[in-house]
Amino acid sequence: MYTIGICDTTFSRVDMASAAVKILKKSLPSSRVVQYTVPGVKDLPVACLRLFDQGCDIVMAFGWVGKMPIDKVCGHEASTSIQQVQLITHKHILEVFVHEDEDKNEKKVKQIAVNRAEKHALNAVALLKGQTGLSLNAGKGIRQGKENVGSIK
Amino acid sequence: MYTIGICDTTFSRVDMASAAVKILKKSLPSSRVVQYTVPGVKDLPVACLRLFDQGCDIVMAFGWVGKMPIDKVCGHEASTSIQQVQLITHKHILEVFVHEDEDKNEKKVKQIAVNRAEKHALNAVALLKGQTGLSLNAGKGIRQGKENVGSIK
Amino acid sequence: MYTIGICDTTFSRVDMASAAVKILKKSLPSSRVVQYTVPGVKDLPVACLRLFDQGCDIVMAFGWVGKMPIDKVCGHEASTSIQQVQLITHKHILEVFVHEDEDKNEKKVKQIAVNRAEKHALNAVALLKGQTGLSLNAGKGIRQGKENVGSIK
Amino acid sequence: MYTIGICDTTFSRVDMASAAVKILKKSLPSSRVVQYTVPGVKDLPVACLRLFDQGCDIVMAFGWVGKMPIDKVCGHEASTSIQQVQLITHKHILEVFVHEDEDKNEKKVKQIAVNRAEKHALNAVALLKGQTGLSLNAGKGIRQGKENVGSIK
Amino acid sequence: MYTIGICDTTFSRVDMASAAVKILKKSLPSSRVVQYTVPGVKDLPVACLRLFDQGCDIVMAFGWVGKMPIDKVCGHEASTSIQQVQLITHKHILEVFVHEDEDKNEKKVKQIAVNRAEKHALNAVALLKGQTGLSLNAGKGIRQGKENVGSIK
């Protein structure tokens, strides 16, 4: 039985966690899911660390990055710190960040967010199962939130 | 009873700490508030760390970022280091930073600063109460210093 | 007998690991190669760390960086964290990153990727043999993925 | 009796340390001042750390940042590392950096440098005395190297 | 007797290490010089760390940064990590980096590289002798690779 941390924000404009949890529950029915909600992306790293303190095997961090230059800087700071949490704990954090300007159409951005959350939930499941669970797809141009682009022939 | 650190600067052009302390005292009347004032944003991280050394459960860091490119770099350096303090202590720091150029009108910038300080004080209270205190608002497009933007429908 | 970690991604559009493993097997036939596949570049650092936890003497990290500005930021975040893994473990990671826009022609990018993987596999072999294994080529303008440029006369 | 570290560079075009030491000697006559001179800003962080190893209670780091883009990057790297030294030691470093292009007039830049050194020497004294020594000026728009701008009314 | 680490790259187009070693041997005839050659700048930090593991008192890191934006990012990543090595070991690393575009004329770039290597070798000697060995030149506008610019009068 795995314990999976789900860390999300009130800043986000899409509830990505719910989309991911559905996949996790279906793929790993006996796993336990623990949620932690913070204001924004920069509050995610320490929350992820605290989730690992509670015994999580892996954490998914759902972040929403706004359109302004300062938002991009905040996203970068959060990502840098999420890297550090992984090196402190020796555990994976799947960073599921969506940038509000990935598409001009809001509904499209929501689709991207949900798709990315779902696909990364499957990645989390694969990583929990072992370090070669994704090896068959190495170099295959897999994408989350968008269509796969495939290998260069 | 919680101990809440309040870390602010002489560089700031608005006394954000007072606005936050009012909210904290009302929401958590039995909590203890400890202040630490430093020259500028880059002096905040170690001051936050020292506040945790004194037993703080959470810290609010009030920073003011000027208009020049070098000011933006300083803000980024401070934020990066505030991230690290959180990972050292496993405790939350609510970073309440205001950029002097968020609005051309000075009075508007002051309003942003006070509003952000007050809303993040409420976030601090929610985080002290537990990791799902904010979960009902996950994905709801909540903002501090500005109007909430809401979820994408 | 050396243990060599091979860390690659499903995001990549070229299977660089296979190209490198061929060289490693030929150069160090008695060495053991351990693979770890992750979704993208930002998942590489902790995977490298976990490979060292398993006893690897050196790790090759194969990353693919997309064309968009956000991709460049991700690459930078991954590189920064790969640096930290090396400082934690005191071991080398050969970072074999390819940027999708290194050439407009996709086939050329694939050639760059394979060439870089192969040449860095030889660098890994040299570094395993000792710290002066590459000293004869110090200052010689050696390149991976492209032609050597040579020393300035 | 305090021990105050003074860390400066041969790259700098102004002797800021002497200006600061005068203030320190006047404000804290019984304090001991220890100097450490390095080539450039990127050599300051480890020198600051070594000053703390020698028992310093606080350190002032005097840096000079040139006009070229690479100089700005060096300044950022030095600042980032000075942040880390503070988090390792739990002690303040007052970063007194001057950018050579803060004014087109060289003499003006020198005035900025000396003024900033002197005002930050007073900040060091205030921080040594306690964490609320500067609290009366919180939010007051205080500047070093330039005129104070004051609070927003 | 000092042990001095010399860390250089095959990517570099100039053999800076030899220029520095000549100065070191002349200035400190009884010192021991240990070399470590790596592929590129991003391989330098862990190599420097390993040189300190071998007992080096100081390390000179010779890096070559190409003309492309990605090269600048690599240089920044290497520098950031070299900072960290110094904070781990409490020892100086003299970072002797040359940017290939410091001059349009290749021969000039080579001159810059050799001059910088030689002058920083003298800085290394001065730092080994003590923390005030360079204090007479504090604020004097000293440069490596170029002419000194002097103090602002």
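We just call them A, B, C, D and E in the order they show up, numbering each chain from 1.
The working rule: a contact is a pair of C-beta atoms (placed from the backbone, for glycine too) under 8 Å apart; a residue touches a chain by one contact, two chains touch by 3 or more.
Since the structure is predicted, the reported quantities are computational estimates derived from the model, not experimental observations.
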item: Inter-centroid spacing, chain E versus chain A (mean Cα positions, whole Å); value: 41
item: Length of the line joining the C-alpha centres of chain B and chain D, rounded to whole Å; value: 25
item: Interface hub residues of chain A, defined as touching at least two other chains; value: 80, 84
item: Pairwise touch network: line, ring, star, complete, or other; value: ring
item: Chain order, ring traversed from chain D with chain E following; value: D, E, C, A, B
item: Interfacial residue positions of chain D with respect to chain E in the complex; value: 8-18, 35-39, 42-43, 45-47, 49-50, 53, 70, 73-74, 77-78, 80-81, 84-85, 88, 106-107, 109-110
item: Footprint of chain D on chain E - complex, ascending; value: 72, 76, 79-80, 83-84, 86-87, 90-95, 99, 120, 123, 127, 131-135, 137-144, 149-152
